[in-house]
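Next come two complexes, and both contain chain A; in the first it sits with chain B, in the second with chain C.
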Partner chain A sequence: MMQQRSKRNFRVREQLIWYSFLITSILTLILLTYIPMLTAVKYSFYDVSVLGFGDDVFVGFQNYQKLINNSSFLNSIKNTFLLAVMGLLSIPIGFILATLINSLGRGQRQNFFRVAFYFPNIITGASVVLIFQIVLKANNGLLNNALSFLVGQNVKIGWLSDSSYSRWGATILHLWGSIGYSMLINLANLQSIPENLYEAAEVDGANGLQKWFHITIPQMTSCFVFLFITSMIGGLSRFTDLFIIGGNTSAGRPGGTLQTILMYIYQFSFEAPQYGIASAGAIILFLLTFIITLINLKITGFFKKEKKGGKVREA
Partner chain B sequence: MKRKKIVRWVITFILFIWLIITLMPLAWAIALSFDRKALNTLPPFSLIPHVPTLFNYEVAFTSFPLVTYYLNTIIVTACHTVLAVFFALMCGYAFAKGRFVGKNFWFVFMLAVMMIPFESRMVPLYLQYKNMGLLDTYVPLIIGGFAYVYGIFFARQNIDAIPDSLRESAYIDGAGEWRIFLQIVIPLSMPLIATLSILQILSNWNNYLWPLVIIRSNSKQLISVGVSYFNATQDAIYYGPRMAVAVVSAIPLTILFLVLQKYIVQSIAISGTKE
Partner chain C sequence: MKKFIALLVVFALIFSLASVANAEESGVLRLYGPGLFASVGPDGTTDVVTGVTKPGYNEVIARWNELYPNVTLQIETIPWDNWKAALQTAALSGEVDIVLHGASITAICEPLNEYLAAEPEVADAVGMMAMRKSVDIAPLDTYVPFGLTVTCDPIVVCLDKEIFEHYGVELPDFTTWTLADLASLAEKLTGTDPVTGEQTYGISLIEAASINKNYIWASRAFNNVIYEWGDSIATTKVHFKTEKTAEVLNYIANFSKYSNPDYIEGLDRAVTFSSDNNVAICIVEGAYGCYSKIKANGVEDKFCFVSLPLIQEGEFAGITSSHMGDWNMAICKTSEQKDLAWKFMKFMVTDPVVQEWLLATASVPSNKEASGRLNQYMSADFADAISFIVRTAPLQFSASANNCYDSSNFGTFLNDVTTVLNEMFQGNMDADAAMDYVQNNLDQYLATLQK
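Now for the complex of A and B:
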């Protein structure tokens, strides 16, 4: 009897010790993630004015209705997806770069290029936006200078000030920072392809192009999916560079072409506070992210099955 | 054999040209930051300053509290990183080695957070801090570090690989879980700690939206937001000083990168492949 009791005490004590490792993080997540998230859901159904918390009025789906009928919100969704899709260019470019670097073979030269090309990704931030505002300037900007030299005519495109080019300008800025990351992930995955797959193919008499098609590409699919998903999710919450380009406003200058969903939410949270509308926008952002994550889970699961099916072995 | 060597040189050459094009904006920005001619108009392209000067840096440092921004950023980054990594290891240890009721539940509870983007709960979080009177303090920027979910997930995988025999022998010596954690697990997890710290430092240094929302007074601002003030207030002109600000704000991470490049590149590659 005594023994059993002390054993149980010991168990309870053991449990408490393990929970002492977790409790701070659990409480933090409840207070800083779950409660605010539920509050956002709640706000999205209320007419929340700036000051009052006591007399908020339940308005059902009105906030969502207002958003869906609002052309500038729809515009921000369009911008977000356009920019996110244009940003996907970093995947093929990063893959080509990684293939070139990988073909150098392991050694100092490869390490040099790997590190040097990754470098822009490290300093991406406000300072890079300042630099690219000048690089992409219409008059005497570096890009226009280079283009003028290539074309032989004076090119004066306002990459970040002309609303018909601004998305390309913003994409160039984005790619400059993200190609290094894409290269690094592509390279790491290229190098993890088992060498014996290529050897087996060589025995079967496959040439370089066949090896590339039947081994490299299928083996890299999960890497491409990973980059696609992270790039899309990152693109959905794009904010910093476009906010700075617009002169520290969330209007998405020039001409609203660079206003993303998050900038729209920011506008209705901090510039012209209407927390109900902002929260409804936030929930839509959450749902979009959630859907992409679910697709990700589905796809990656799907590819795991494919691999087991032996398609790769055949190659 | 000879053909292979030539191909290798051709590829090296292509990569080299590509690299020069990639880094050209930075080189130009550095040149402009030392150029007295870059003030109201952009001077013609040159990698050597037309009129070399330190004037732009003087303007940058006198018109903006760059040193203060730096110190603020270092404080916030250091606090957040230390908290995030330490608590991630604690949770990682419990999930890897612990036996307790609700283990799976709490693990899913934490992983689910990865599906909730910070941005979608930002407004209520901001109002929460506003009601607590914590706006314009560093508390909101730091206490998120108590739950670094990606780190927890990553730490669990790594700590799981530590052999149980080490723990068992410590048990026999009468050590409790906390002593095992502090004296065995942490010393064995140095590579893990390095990776997580690097990821934390990088994301903290470039964090923009949250400090923009939380910090109001100029003297408390962080470098990322502080740098963009320069852009908003001096909109179209003062190219030289702007480039000086950009260069100065990019220096710390550049140095960090040059010193730790091998570890940084490894950490990023790992974080992208162990999906």
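Now for the complex of A and C:
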């Protein structure tokens, strides 16, 4: 009897310890994540210009209505999607690089290229922008000089200063920083493809290109899905580099072409505070990201799980 | 005998301090915010580029404690990132008495009308005050003082005397020059330097990322009044699309012909303020910082400062269009020691020891008498223009909320003006398209305020 009680006490004590860890993290999550999130939802239905001062007036869906009827906000949505989609170029480029590096075989040469291509990824965004302001400048920029050499006439494109080209300039800058990561994920997946598939294909007489198209690419689907979703989410929340390109303003310089939704929200949060509008913008961004992720997952078949017998079923 | 004299001196010192100290005041005065205190820190800093050493705010605390021995100062500094949101949160906590640079957020600040009415000598002493608009207190065409400006940051024009000399062009008299003179000089001084054979550029405006600040001085110089104030911001009408606005926009954009092609990318000032300088006229914010660079490069003889051209017409006709940025202090609305907070703010703008400290931190004191002493720190070629601006600037004016430009109350106006001016400079937009863009955003913003 005594033994049973002490066993039960021990178990209760043990469970209390586990629960204390759980409760701490759950409380932290509630206090620092969920309550602020819900407050943002609440603010999106109120007219709030200064937090805690004055009367917050309930305005229903007016903030959402104002945003949807605002041309600058719609423009920022367009910019966000364009930049996010252009940023997806990092996936095929990273895949091609990974294939080339993989073909070198394991060893020092592969390690060198892995490190070399990943290196830009660890450089801080501010430094990258500062470097690229020189590389992409209109007057004697490195890229323009190279293009001038190639085409045989003076090229003066303001890659980051001319609104006609700025999205491309911002994409070049983004790709330089992100293809290393994409390459690394692609390479890890490439190296996990079973060798016997290639051996079987060779026996069937497949050449290198056929193996690449019929074995490598299908085997990489889950990797592409992962990169697609993370790149899209990253692209939709792009802020720092574009903010610095614009000279630390949220105007989306040049010409508002680099103003993303996040920068638009920043404007109404920190520069000209209208917290109701900023919160409504944040909720719209959340919904857009959520919907796009769902569509991505649906289209790419992420919800399908393999059955034991080899058939697929909906999760 | 020596001991006796030493004792006498110590006694006299204690007696004199005791006579000026305010022992009846006691408590803790809490200051919070960004700005000068944050940049110098408690113990001071040394600038890596210019080598300028600035004393820390412990000197201010020491001086305050001499006068108010029973009042402890608690200074909490923050960086400029997201400072407006940080100040609001701090004010909500009720743990702040003075918000550093808080006057822009009028909802969290106490208006200073009554304090200034009781002690008018404070307003007389300063060249600038943090004036804002607040419908709760006064009609929108009237300014309300919400903060005391401690240091100001006049916009100055830095001239390269050598380039002027090489082209045989006389330096302008800044007490009389006009907008047309500035445009004409920028044109004359662009080209190949007749002496050195190097390319020179006539002008470098305030940096492209803040090109809206050029609109502030130019629209003021043209007296381009665009607001028809109503009872509230919602009922105020903004007439941005006018012939005069087009004139202002075109005036600024026209300078693209005389600017370094790297201006728009913010890369045109690589050699300015040095012996290799290639810009004849450079419009700069942070006059003191600019002087420090010139001094560090040992080229004080090559340059001089002037104020911007005179305002052509209207309320401020005849004074310089150089406006000033500032670092201000405001009484927090939630403070329970408002009178003590006012005493500290008054101390910051009038105490002679603090004024010396401000000058030593390479700042321009708002105190007119102290800014007049700038020539003890820099030559008259630089100090005169700064003192002139501080001395002649009207108190009833705010660079961020005036009749020609208001970035405080009209949504994204600041960003919109920046966007269109950059586009015009780049040649992607004309004045009509620029005005349409800004007016459309203004109209949409004002529509959002309609209940």
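What we mean here is this: the second predicted complex is superposed on the first by the 278 of 315 C-alpha atoms of A that agree within 3 Å, B and C clash if a C-alpha of one lies under 4 Å from a C-alpha of the other, contacts with A are read in each partner's own complex, and residues count from 1 in each chain.
The definition used in the following text is that a contact is a pair of C-beta atoms (placed from the backbone, for glycine too) under 8 Å apart; a residue touches a chain by one contact, two chains touch by 3 or more.
Since we're looking at a predicted model, the values are computed, not measured.
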Using the superposition on chain A, decide if chain B and chain C clash or fit.
clash
Please indicate which partner A:272 is in contact with in the superposed arrangement: first for chain B, second for chain C, both, or neither.
second
Please tell me which partner, chain B or chain C, touches more residues of chain A.
B
Per the contact definition in the header, classify A:184: touching chain B only (first), chain C only (second), both, or neither.
first
May I ask you to decide whether A:125 touches chain B, chain C, both, or neither, giving the answer as first, second, both or neither?
first
Based on the superposed arrangement, let me know which partner A:83 touches: chain B (first), chain C (second), both, or neither?
neither
Tell me which partner A:133 touches in the superposition: chain B (first), chain C (second), both or neither.
both
Who does A:240 touch here: chain B (first), chain C (second), both, or neither?
first
Just to be sure I read the superposition right, which of the two partners does A:253 touch: chain B = first, chain C = second, or both, or neither?
second
Please indicate which partner A:163 is in contact with in the superposed arrangement: first for chain B, second for chain C, both, or neither.
second
In the overlay, answer first, second, both or neither for which of chain B and chain C A:293 touches.
first
Give the stretch of chain C that clashes with chain B in the superposition, choosing among 9-17, 45-53, 99-107 or 117-125.
45-53
Return the residues of chain A at which the contacts from chain B and from chain C coincide.
133-134, 137, 139, 247-248, 269-270
Chain C contact footprint on chain A (complex, rising order)
49-54, 66, 69-72, 133-134, 137-139, 158, 160-164, 246-256, 267, 269-274, 277
Considering only the defined contacts, which chain C positions touch chain A in the complex?
82, 84-85, 88-89, 91-92, 105, 107-108, 207-210, 261-262, 264-267, 333, 407-408, 411-412, 414-416, 418-419, 422-423, 426, 428-429, 440-441, 444, 447-448
Interface with chain A, chain B side, in the complex: residues 7-8, 11-12, 14-15, 18-19, 22-26, 28-29, 32, 41-45, 87, 90-91, 93-94, 98-101, 106, 109-110, 113, 115-128, 143-144, 146-147, 149, 152, 176-178, 181, 202, 205-206, 208-209, 213, 223-225, 227-232, 235, 239, 242-243, 245-247, 249-250, 253-254, 256-257, 261-262, 264-265, 268-270, 272-273, 275
Give the list of chain A residues in touch with chain B in this complex.
14-15, 17-22, 24-29, 32-33, 35-37, 39-40, 43, 97, 100-101, 103-105, 109, 113-135, 137, 139-142, 145, 176, 179, 181, 184-185, 187-189, 192, 222-223, 226-227, 230, 233, 236-237, 239-240, 243-244, 247-248, 262, 265-266, 269-270, 275, 278-279, 282-283, 285-286, 289-290, 293, 300
